[in-house]
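Each chain carries a letter (A, B, C and D) given by its place in the written order, and its residues are counted from 1.
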Amino acid sequence: MSELITYRPGTDEYGYTLGGRSPVATVRPGDVLQVYTEDCFGGLVRTGKDLPSQVCELPFVNPTTGPFFVEGARPGDTLALHFASITPARDWGVSATFPHFGALTGTHNTATLHPALEERVWVYEIDADKGVVRYRATQSGHEVELPLDPMHGTVGLAPGGYEARSTLTCDAHGGNLDTPEIRAGVTVYFGVNVEGALFALGDGHARQGEGEVCGVAVETAMNTTVVVDLIPGVATAWPRLETDEHLLSIGVTRPLEDAYRIAHVDMTEWIGSLTGLEQLDAYQLLSQAGTSPAGNVVDPNYTMLAKIAKRYLPGRAEAYEGVHARLRATAASL
Amino acid sequence: MSELITYRPGTDEYGYTLGGRSPVATVRPGDVLQVYTEDCFGGLVRTGKDLPSQVCELPFVNPTTGPFFVEGARPGDTLALHFASITPARDWGVSATFPHFGALTGTHNTATLHPALEERVWVYEIDADKGVVRYRATQSGHEVELPLDPMHGTVGLAPGGYEARSTLTCDAHGGNLDTPEIRAGVTVYFGVNVEGALFALGDGHARQGEGEVCGVAVETAMNTTVVVDLIPGVATAWPRLETDEHLLSIGVTRPLEDAYRIAHVDMTEWIGSLTGLEQLDAYQLLSQAGTSPAGNVVDPNYTMLAKIAKRYLPGRAEAYEGVHARLRATAASL
Amino acid sequence: MSELITYRPGTDEYGYTLGGRSPVATVRPGDVLQVYTEDCFGGLVRTGKDLPSQVCELPFVNPTTGPFFVEGARPGDTLALHFASITPARDWGVSATFPHFGALTGTHNTATLHPALEERVWVYEIDADKGVVRYRATQSGHEVELPLDPMHGTVGLAPGGYEARSTLTCDAHGGNLDTPEIRAGVTVYFGVNVEGALFALGDGHARQGEGEVCGVAVETAMNTTVVVDLIPGVATAWPRLETDEHLLSIGVTRPLEDAYRIAHVDMTEWIGSLTGLEQLDAYQLLSQAGTSPAGNVVDPNYTMLAKIAKRYLPGRAEAYEGVHARLRATAASL
Amino acid sequence: MSELITYRPGTDEYGYTLGGRSPVATVRPGDVLQVYTEDCFGGLVRTGKDLPSQVCELPFVNPTTGPFFVEGARPGDTLALHFASITPARDWGVSATFPHFGALTGTHNTATLHPALEERVWVYEIDADKGVVRYRATQSGHEVELPLDPMHGTVGLAPGGYEARSTLTCDAHGGNLDTPEIRAGVTVYFGVNVEGALFALGDGHARQGEGEVCGVAVETAMNTTVVVDLIPGVATAWPRLETDEHLLSIGVTRPLEDAYRIAHVDMTEWIGSLTGLEQLDAYQLLSQAGTSPAGNVVDPNYTMLAKIAKRYLPGRAEAYEGVHARLRATAASL
């Protein structure tokens, strides 16, 4: 019997690493998990006067909810997380420039002699009924509605090898992937590295652009429902996504072309193993039919995706034995 | 009075550089140009037995049609080229793996000790009536139709500074940009570097994926109609595109994050100069509303774009004094 | 009174992360520490038949000795480790190609479709008396002596932020830096991130080339003597080195130009804070007088250094209040 | 009979591209060429008040002397240029920061939203007798002598494929390589791309640091003597250097790790073809015995070198049939 588990962290129960933490709850494959996630600033940035570098304190940024121990999950398995719904828990969100962070400034990693760009906060209205967020310029009267498109910037599991990684970064174990493709209706696959998988999530975005160019999306708290499942004995090297229509692989590294390479090698292999299409035939098909949305080009590791429509693949491409369809059905029944 | 100029190159009239060549014809701002372009292999790869490395000879690959001298064009002006139509001139196209070329292999620039991957050719049917190209696997029976989406991989003008650059590469002067965004309905803007601008185009693709991962799209000859215009006294630093709905900036360099940076700095500046939106307000808006399609991740220089919907910008964003709308009207009247 | 502390790990006492481990011993500033470190393969690769991918098991590679708790060390302090001596503990070392690892092959991060290069082991004689290691070709009779130049590939401390990082990688907290500059006579500086600093070391190399191009140096066990000191209240952002003649900053990230940037920004700042030389004057002097030895171009993060001779700097450049000279004196007295 | 040819360009005879120019003189293999080269600013920056961005005009920067037509040189041959002497033609040199140029600032390629760093000029005394250049801080009294180590930043030949490339950049044909390794006593090898080779040189540096971090070395005019030779029928893919003691390969591209890869693949192949050492044995030897000096990390393409001492190679490594030794002898006889 699948169970509905609800979890809302107390103030001091958020996690700032993947790995290195004890589980907050146990779930079983098939269970439905309802969680609350705080925004990347811990809810401390609420107005234009709350400069992140002043109100937040490292390492207490990008809090995650979890980790959850998945019964039976073992290294070599694949964890499937289906996002049944992602709903803003507030009617506002914030973005900001942050000193020496973002794609268009000297940063910690791309170090320069420039002083930091101005730190500034933008507050967005979130109108869930209308399905929009409202951008407001700070130096002029420009206002405009952008589509509400809720997603989680951060989702991942314990990295294994006794590692614990900051929730500010990402790697093969997931983490701060910051791709707008992780929205409701999507199943995310991760290779399990430790017993129980120990997954966590957070960093809700009411929406974000591709690449997250200034480094901060429309950050907000979320109420999110995830259906959990496990594919035993099947390994997954890099994070993968499945929607009703598409398969996606996520490459995570620097420089950005290497993230592109990882995603496309992984997708070539996925197509091959899923459909029997020979390697170069798969490479060719991906070359003409694939798209490659950027995730983030700002975090310590960048993300870039390989995306292909299932309808272009031979046969009925049933990834991981059709788990996405089953989880979709569970989600529909909620 | 605008004129209709038709030009089909003779066998020995193709160009293999931008810059360093005399014009094949003169056009005036407002003129309509109908040209034939050969495919990137000079039409020499027609069957699976025509391996590109055997039938083609460097530097005679990626032939371009042109250059065309634009009357009155001077350094510091901007050239506008509106693609009224791009129509495959054949009912077939080809793709291939090419030794040490592509994103998922050791290459000239990303050198490794690996022997080359197998060189192989894929022949595609192009069904213009149905609006599809047909992929056929070489090692199995898989066939699938992909949408026909004709585009030019190569368009650009003389680079200035007495340079002549191979049509295999790209830079601020355009060239082998290899982005699927250069399709019919689009206006392309380039900064003029030499008197007469000296633009050329070629490398038609029946379609390509984002990043052009194997390095070769569905290559075919094209019949293409371009409306030419000039914005005097307005400089343009990097190639830009305009559609009815979107503005796009193209970043061109390596590594790929630097191409992303160029495109997004240019778009931030473009939004600012076009709408008066203050710099960080523009940066913020782009961060949430922008997408960033990859062009190529395979050529000597990569391309990555910044793309934003005009409807999100303040006022009526009339780029370059509304030239796109005027050229669109001309195209509609043809 | 400074103390001499000797520590040789038992078989199951090696560490595979920095952070996430309890200290094996406590030392006080001024203490002298004599340790044994195992080679990166845990001593399991001894002949040409011991292929690393067969005899080693992840994550049990690159074992470190430690961590050591430094009494009084607090976040915001700087830890100084002076390498008094690094002596091979064996008369042999090994190197190898490892599948999909190294600079000239497709790798985990620079993913390609190529099968791995051949895995192969090279066994070196280490002749400490003569001060050489002996290379022997595997496919021909070529033998040659290279200078013995013992160093530690891995040294670092707990990363802070509750992180635990694999000893296979490196970052601002140090780790698998793999630079030949960390040899006897050198003082290494790290910013302390957690109480007690919790430093560890390992991965001895009888020598390595710059960039460690195949990914594996001449790996051997070491007997190493380190003098420990603490500079309270002085923060250090990136790993730094000091010799009698030079100052060095280590940049750690990808791509390699970003590692170069980090090192040179840090060195510009170091020169400025140490000597009062104005920022652009320091930048200029470094531009003409600096060298930039590559560390590794193979690990998950690359390292590249900025190096300048102290004699080019104004005044008597006494880094960290002259601690290097004091530790040097302690080392000389042993 | 070898001939001594002297050439000093008139004011309007300098070249700003490699390729696309007619030869200024013809030389034969074995000839000795004495030339004058102007500094990268065309001699226009002489005091702290001569800001480069004000006194120089693009594209008239980095003037080269040449090109020279080498009798008998054909595509597929290798050109050897031995630098017999490089002597500053002035008793002063200059360096500068230049807006949006250099490794530690946002640039044309690594675009950011930062305003440019301050533009400033440093004037150096060159004391040839004492063998030093004298650095003087602009904002304090610090003065220091650095070793005079004259070199050419720019040397190369026509790129072929009908290309003409700015002397500000570099690629497989050479150009603005900006490595301190090109000093007197060195033989440089380039693959010939066009009949006559058409080589040119310029951009003398009284010295530079590795990476040329601010983007500008100690720039000065030079009187330089080059001995020219040709190795017919032997192709060379990337620029190579030979000294009495070392072989060096130059990788040229972005990102910097790709320049490193190119250099080390080329050196692995060079060792193999020169000595018969099997590929992985050569890779291994280079891994332990090689160094990798950075050239520039600032130009449109970066340079990084692979360097190995000849004494570590099997046999008597006579590159290109011993041409270096012969040219060395010629130089000694001058």
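We adopt the following convention: a residue touches a chain if its C-beta (ideal position, glycine included) is under 8 Å from a C-beta of that chain, and two chains touch if they have at least 3 such contacts.
If you're wondering where the values come from, they're calculated on a predicted model, not measured in any experiment.
Peer 1: Please identify which chain has its centre, taken as the mean of its CA atoms, farthest from the centre of subunit B.
Peer 2: C
Peer 1: Roughly how far is subunit A from subunit D, centre to centre by C-alpha average, rounded to an integer in Å?
Peer 2: Computed from C-alpha means, the inter-chain centre distance equals 47 Å.
Peer 1: Nearest whole angstrom, what separates the Cα centre of subunit A from the Cα centre of subunit B?
Peer 2: 33
Peer 1: Residues of subunit A touching 2+ other chains?
Peer 2: In subunit A, residues 104, 110-113, 117, 254-255, 261, 264-265, 268, 283 touch at least two other chains, as defined above.
Peer 1: Linking chains that touch, what shape results: line, ring, star, complete or other?
Peer 2: Shape of the chain contacts: complete, all pairs touching.
Peer 1: Hey, which residues of subunit A end up touching subunit B in the complex?
Peer 2: Residues 95, 97, 103-104, 117-118, 120, 122, 133, 135, 137-140, 142, 144, 146, 207-218, 254-257, 260-261, 264-265, 268, 275-278, 280-281, 283-294, 297, 302, 304, 306, 311-314.
Peer 1: In the complex formed with subunit C, which residues of subunit B make contact?
Peer 2: 104-106, 110-114, 117, 255
Peer 1: In the complex of these two chains, what residues of subunit C are touching subunit A?
Peer 2: 16-17, 19-21, 58-59, 109-113, 160-166, 251, 253-255, 258, 261-262, 264-266, 268, 279, 283
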